[in-house]
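Chain IDs A, B and C follow the sequence of writing; residue 1 opens each chain.
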Amino acid sequence: MPNPQLDANGGLIHLLSTEGLPREVLTHILDTASSFLEVSDRDVKKVPLLRGKSVFNLFFENSTRTRTTFEIAAKRLSADVINLDVGRSSTAKGETLLDTIDNLVAMHADMFVVRHASSGAPYLIAEHLRRARREDVHVVNAGDGRHAHPTQGLLDMYTIRHFKKDFSGLTVAIVGDILHSRVARSDIHALATLGAGEVRAIGPQTLLPTAIGRMGVRVFNDLAEGIRGCDVVIMLRLQNERMNGALLPSAGEYFKCYGLTPEILSLARPDAIVMHPGPMNRGVEIDSGVADGPQAVILSQVTFGIAVRMAVMSILAGN
Amino acid sequence: MPNPQLDANGGLIHLLSTEGLPREVLTHILDTASSFLEVSDRDVKKVPLLRGKSVFNLFFENSTRTRTTFEIAAKRLSADVINLDVGRSSTAKGETLLDTIDNLVAMHADMFVVRHASSGAPYLIAEHLRRARREDVHVVNAGDGRHAHPTQGLLDMYTIRHFKKDFSGLTVAIVGDILHSRVARSDIHALATLGAGEVRAIGPQTLLPTAIGRMGVRVFNDLAEGIRGCDVVIMLRLQNERMNGALLPSAGEYFKCYGLTPEILSLARPDAIVMHPGPMNRGVEIDSGVADGPQAVILSQVTFGIAVRMAVMSILAGN
Amino acid sequence: MPNPQLDANGGLIHLLSTEGLPREVLTHILDTASSFLEVSDRDVKKVPLLRGKSVFNLFFENSTRTRTTFEIAAKRLSADVINLDVGRSSTAKGETLLDTIDNLVAMHADMFVVRHASSGAPYLIAEHLRRARREDVHVVNAGDGRHAHPTQGLLDMYTIRHFKKDFSGLTVAIVGDILHSRVARSDIHALATLGAGEVRAIGPQTLLPTAIGRMGVRVFNDLAEGIRGCDVVIMLRLQNERMNGALLPSAGEYFKCYGLTPEILSLARPDAIVMHPGPMNRGVEIDSGVADGPQAVILSQVTFGIAVRMAVMSILAGN
């Protein structure tokens, strides 16, 4: 089966996952994002690259934050953005997902930004477009189930490259609920492709995937042990629903074992950076002393995130 | 009483219903739509005809699909589009419909796209504007109660004309819940004005209006009998709420009697086209073998729908 | 403590309240609004003053009407407008208000239009931006708790100046639920600064603030007595929740005592104007004979409101 993200010439036609994307493609996206970073600093924060294009935000799972980043990115590229509140729309009336897509394609959609609770939904759409020979319509995965969140993975890579220049030799720790995290998966695949020295997965046994060893990461259940000597610490958000489930005793106990405090952080390299995909649960997975401290680059991630999404949309649209 | 849709010179000022619109007006809209069809195929899908105009989507009844088609049409005309989630707004706070309209007119609204559960609501607004001598503010009915859905009626006419060239001599069947269908009413009036040869209404007695004979259509309760020799078959959506009401035994039994299968469709003319306003209930009113088959023009309807809505808005705005 | 609304040179950087704004600043906003009034009358209702700027509507309290006026104003200035449905977003996921703000600033937000149920929330944001030395990001208070609604106050001043020319010598009555009204507070402060002759607060004792005497207004519990000889009558909306609370017996009794009828209005000066911030409860605080009568300037307020909001946004953005 051909790579569903690439056309016959190796050009990016959909962004579904960081997994399976060649190093040159990842690097091209990061390099393109650099050039867009400057656009958001201008007095007139707009370029006409997607003028007259119709970008549809299809959020089957609600996420105001992520939708907003894509909406801003698309508007700064001058696209027409249409937000579909899909929970309340035709799919709720019994229409199939692919009938909804066919309808929007018939309205001359150029791009779908898709968030879905089911892993694989964006692939299903991309495969459907391939069968319909509509390579001119593009899919961006904005998070599917536990599977992937590639723009978050890419903006994390952009952030690491920005602050650390080179991936080789870096030790990167990912801390928290890796089991349910599409961010962690997207980061791990991208770090492998970009040649990071060592990737560590740190968390309680109940929140680590059973087959995590096969992903080429070192597993730690102890935060102090795992963070020692790291260059990059990526904290994951602890979803509220985990805290009152069977997987964790309580938010307080989680913080005691896996919350990142200045003391614990001092075990990492002195120039280590701290990342978080947001929104943060202060006092649950991260202490305010770290979140607001000099090593946190969490807001830089947000800024880079807009540039990375502009880059992805622009490349997909053929620029 | 003068025709509320036309000004003193016979020009279109509101689109409220296909009923009462002269043949030249209908034909002018369809011809204008032809010219807009090409805009959506361009690389930059935009024309500046409504630049700086404020178009308000006033959906008192929720319909993401229909709202989206008007939003796309207005944005491709370069209008500023404001979506009002009216269910959550001032009318919910006890303000009258006409006070809401007066307020938006005071904000210099140029056009209202109105969907309302009550038949006649868009007429009420148009009449109110007439009394206020605001002929520069326009109303488009996006569906009112069981009464009318004129842009759907017009896009259906566009589709028929596109595939069949001429209305005279055509036999058109409308199948399903005609009693509750504003689409059926808008189609029947437009077909009469455009001179269709014969219009047939096919459905169970409980879902046909009692006075349907007076609308100039032939009534059939048997699908096989009614569809025989037809050139055009328009399937209607069966609303979920009908299925568990007193009007119908079950969705399964409905499909057995009125679901369009390839076998039943073979009774129509071999070059018959199949239409559906969407969203489809596959396996209820239409079989997937028909919906995805070579005679279905359902997605063409969607594409034409954008062009027709652009044409209506553009004509109303005086272009 | 310096005035949080003004920079070191006395220029407006945030609009948080009419209180504490010097007369020249108020007058400058009103004068600027005059020039924008004409823009909304043009065929192309757009000026490029905020092109490429990102304006965020942050409505923590739902208000479709007010959000719409800001959205229209920003779009007519050519800004990119992003509506955040904050009730459903990250703050609902446990993120703090200031973390949300930091994130949006990191996305290069230029302006926040904030409505919040808590008095002081927009101040908190402005103070946070000051500490972060982000004087290039601006806050407009679109209503905070019972505290202030400065753009409503300013549009009321615009309306009074438009119809009465000069503030000195005017007697202005504010009638109704002054206790819970941010509009009343914003009006009273602005009227004082602009030098209105006399301001009267009229309402039942239970709906007047205990310390109202200190605000420099004359208090009346009797409508007929209070309205006598007034030049301007500002009616306040009676919130539904007051009517079935302990503060008022019933809507019907309220109307008998404080509803503005043509008879009562005849006690004011013959050229008195009647204002209302909308949405109106006809038959509760105002009779239709007044609302639709020749002395009502309620829809002019709406028109002026767009121009005033354009003026505020334009001045904040540095034009």
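In this text, a residue touches a chain if its C-beta (ideal position, glycine included) is under 8 Å from a C-beta of that chain, and two chains touch if they have at least 3 such contacts.
Keep in mind the model is a prediction, meaning the values are calculated, not measured.
When chain A is laid over chain B using CA atoms, the rotation angle comes to 120 degrees (nearest 5). Although chain B and chain C share one sequence, what matters here is the overlap of their interface residues, and that overlap falls short of half of the numbers used. Per-chain CA centroids place chain B at a distance of 41 Å from chain C. Residue positions of chain B in touch with at least two other chains are not found. Here chain B touches chain A in the complex through residues 40-46, 62, 64-65, 68-69, 71-72, 75-76, 240, 278-282, 299-300, 302-303, 305-306, going by the rule given at the top.
Chain A contributes residues 51-54, 80, 82, 84-86, 88-90, 93-96, 99-100, 102-108 to its touches with chain B in the complex.
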